[in-house]
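As written, the chain order gives the labels A, B, C and D, with residue 1 at the start of each chain.
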Amino acid sequence: MNVSKSAPELSVEIAGIRMKNPVLTASGTFGYGEEMAQIYDLSQLGALTVKGLSLRPQTGNRPPRICETPAGMLNSIGLQNIGVEAFVRDKLPFLRRIDTRVLANIYGHSAEEYAAVAGILDGADGVDGIELNISCPNVKKGGMAFGTDRAETGRVVRLARKATGLPLIVKLSPNVTDITEIARAAEGEGADALSLINTLLGMAVDIDRKKPRLSRGVGGLSGPAIRPVALRMVYQVSRVTELPVIGMGGIVCAEDAIAFLLVGASAVSVGTANFVDPLCPLEMITGIEAYLKEHGHTRVQELVGALEMEQV
Amino acid sequence: MNVSKSAPELSVEIAGIRMKNPVLTASGTFGYGEEMAQIYDLSQLGALTVKGLSLRPQTGNRPPRICETPAGMLNSIGLQNIGVEAFVRDKLPFLRRIDTRVLANIYGHSAEEYAAVAGILDGADGVDGIELNISCPNVKKGGMAFGTDRAETGRVVRLARKATGLPLIVKLSPNVTDITEIARAAEGEGADALSLINTLLGMAVDIDRKKPRLSRGVGGLSGPAIRPVALRMVYQVSRVTELPVIGMGGIVCAEDAIAFLLVGASAVSVGTANFVDPLCPLEMITGIEAYLKEHGHTRVQELVGALEMEQV
Amino acid sequence: MSFFPIRQVTARVTGNDPVGEATFRLILSATDFPPTAAPGQFVMLRTSAGADPMLRRAFSLHDRQEGSLEILYKVVGRGTAWMAQRRTGDAIDLIGPLGQGFAIAPTLRTALLVAGGMGIAPFRFLIRSLRAAGVDMLLFYGARTERDLLELAEMEAAGVSLLLATEDGSRGERGRITELFQQHFRKVEPSEAFKIFACGPHEMLYEVGRIARGQAIACEVSLESHMACGLGTCMGCVIATEDGYQRVCREGPVFSAQRLLLDEISLAQD
Amino acid sequence: MSFFPIRQVTARVTGNDPVGEATFRLILSATDFPPTAAPGQFVMLRTSAGADPMLRRAFSLHDRQEGSLEILYKVVGRGTAWMAQRRTGDAIDLIGPLGQGFAIAPTLRTALLVAGGMGIAPFRFLIRSLRAAGVDMLLFYGARTERDLLELAEMEAAGVSLLLATEDGSRGERGRITELFQQHFRKVEPSEAFKIFACGPHEMLYEVGRIARGQAIACEVSLESHMACGLGTCMGCVIATEDGYQRVCREGPVFSAQRLLLDEISLAQD
């Protein structure tokens, strides 16, 4: 084992966006950044992803919207958000002052709506990239319906691609038989990067009231519980695509982050762990750096896809 | 809340098999019953399901075959088993002496092989039903490949159906976009019941060795971590089929078991929990009985599908 | 909306003693916990070493002293059971102070406090602050049974007038605290110097809020809701208000009863 | 293959004291634990209240007395860290006795014991049994450093001759125990009355097994493997033997070195 002396290079470039390190925060778990900025200096992050934005403000689903499950949680927020225009007007100015990359997660009720939101953001100063959420399980129309179908995925990406010159990241749903198919469809229509996974569709029941614990019945499962599934899908997808992959799903510590890099992710995104341990993205950055040194790597890039597989 | 005085009726009938209660044990987590019989009297169970049987003995995958994950585990046993003939000769005599129902879980490398195994069991005294494992993620050929495709599922069920007069339970894979499609395919070809879910395909990585933790790379995720996904799928499937459903996936206590019944399962099966808490099936039986009394039910059947959904 | 710092700190247990039926007072030494904390604010505690249970649990600041803080809690599930097992010297990871506390206007002269069961938790800190502001205090305090009425002597010593009720009649009036409250409240004149502070089961808050609203009297209620983050980022804890869904952890947990859609108040609780 | 009963019992901690570097001796009172337990057998302990960590952990019976049992363990991860936090009076859920222990034939006169690191754990029980059978014992015992050599005085008092090695030379020979073993072993004559018992890192067992096999000397080694059930039902813990994959938890953990495919021995470990 080589122990390198100089500090290893942590920066990565994804979809043309240079980030100071490969640790991002995931959409829906970081608000628009303001609240987290009370806890630590966000400029330490590689990038942050804001809560899913839609053309018009959304009230979201009725509460209860969350419930705890073993090593995870279910949510059915239903994409409550202030709308893309209020975001640009009220939230972007704050985000522009932070020296990190800002990814705008967006969704629409139709492919045209995705394109409209992307178009509005195209001119917005302070947005470094757009993440298309075609995988939200918590809205009736839109969301997951697109991300579980090859043709629909292709159409959403195609229209969004036309609407914006910003880097386009397509966020994939794990609720599919073959995620590589959807990945290829997105790649074929001009996505610049892929991010995965979004939540697994799940359910929990209150047996005393004989009712689901979430008002909508079903919700999205996130947290450490889903990490093995996420890791497998990132592995599968990164083997079939040329695009950089942002890996996420249950990442809570540097060891998890490194595992995602090894199976092929170029960066990782921290979701639910922001709730449990807000400072963990910072510990991940330090932890990845320590690992690189210990294993004699000079650049984080060297870890990407470095997993050794025995022939199966 | 009505408190009923007499003991509620726990017995259920599934695919024509009468069981003294709705608590079963799942394939691959109970061996052929012998070891567990050292711990408690197996006649207390509604039924037990034996480890997946194939036409010929299988050596299984190279170790390491298991690894722990948050609130769950991955396995890639690869269906190591003694083969159906040795089972009938060496294991069935022991099982016949136990006053419970015995379900034989089987798999094949082709639809014809499934049928061959089913045919051998057809004449075997002591087998009460056959569970077709079309959902094992741990073998290269066979297993999950069948259970993720509607047509393949149909073919396996059709041939097995012809080969045996025994009740036929089809075990579904959760690694699909739409599990109701596969469920309907199985129903259409003459399945008597459905069981779900098998394990979710997952992966874990040893970052020090830069290798997967399982020799085969990927494995099947089971345990409480997957319970929300299992519950959701049982809910979805039981709404589209007339067949009784055996629910499983992360069930560890009576409360979990009751949740599966409420969303539509007619019985539940305990898998990974047998490793963690061998006596838990017995506590579940007691717990279900207590719940029925407390909620004024006279028969366990009354819980099946009794979930109240708000309109979504 | 406060923009004071929020800290994730490792606190040390200096006390964790039973004070009632399955109820404990946890005393934590936490020198780096922000001194800006106000009554009605809360903290999020980690209650396991692993990922199950995973989410943090919310607890009102029972009190806050220089370098230490207190939590009054009841064991109701796995997280609180874990807390009850902590012993002196153990470490507990907490985040705070969080949310909006009670608002004490300079004009305030008389405060009517209403507590049901564990709803008493935030009131010691509030009472200390009200006392410092020279406010007269009358506390309506109800519980299931006498043993669940906590810290009575302490509150009397702090100059709080007490009106008690228990469901089993073992202490004070028999019945719910809202009944007692309703009787006495008829006699009170609305005024700028007067305000109601309430914490307890949501049905109780609903009742109190309805009464206050009917007479246009200032009334703040402290709500509960299942929370994932406690920070305002997940949108999981919302409650219906006249301004749409608002976050209990951020715009609350203390809300003006006037702005809540009281018919929907029970929803967030589940 | 034993078909004695296996029990899931709730044991009480009566002692849990450090005996070396991050190493503890756990003493458990468990009156309903089957008296049939034999040296080399093990138990599966639950090491959390929740589902994370989920699986039980395997530990050799360090010793077994009427109504109580002992475990010697090293803290290496979350499960063992949880164990180290248990205090007198706490409950621990365990299952056992499990697996096949060491075989002590009536003809046995001299036993050569080889332990590496925590591989010493099952030997106190084994030594007591060998002594009762009037067997002479020579123990090769290696560890990283002196502090990791445990219970030396106790074993000497039990009549065991000790040959020690440490990797840092702080006690006994400097180097690995297998080197010391190899030197001395040359001088021993194969015989029916003679047998080797070994427990420790798999590379050590590989070496010892190879030497024993080369000279057709009876040798039993106690293996480790990641286990889900410990009961023989999951097929997760297998090791390659001449009879195919066998379960470490059921046909083992003690195997005859002769029947193991030594080249593959390391596989099950990782």
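FYI, a residue touches a chain if its C-beta (ideal position, glycine included) is under 8 Å from a C-beta of that chain, and two chains touch if they have at least 3 such contacts.
None of these values were measured; they are calculated from a predicted model.
Both chain B and chain D are touched by A, C. Counted by C-beta pairs in contact, the busier of A-D and A-C is A-C. Centroid distances built from C-alpha atoms place C farthest away from chain B.
Mean C-alpha positions place chain A and chain D at a centre distance of 46 Å. For the pair chain A and chain B, the distance between C-alpha centroids works out to 34 Å. Between chain A and chain C, the centres computed from C-alpha atoms are 36 Å apart.
Chain C and chain D have Cα centroids separated by 54 Å. Within chain D, the positions touching two or more other chains are listed as 50-54.
Residue positions of chain B touching 2 or more other chains: 70-72, 209, 215, 223-225. Residues 70-71, 224 of chain B touch chain C in their complex. Residue ranges on chain A touching chain B, taken from their complex, read 69-72, 74, 140, 148, 175-177, 200-205, 207, 209-212, 215-218, 221, 223-229, 231-232, 235, 250, 255, 258-259, 262-263, 291, 306-310, 312. Chain D meets chain B in the complex at residues 3-8, 46, 50-56, 93, 95, 225-240, 244-245, 250, 267-268, 270. On chain D, the positions that touch chain A within their shared complex are 50-52.
By the touch criterion stated above, chain D contacts chain C in their complex at residues 48-54, 78, 81-82.
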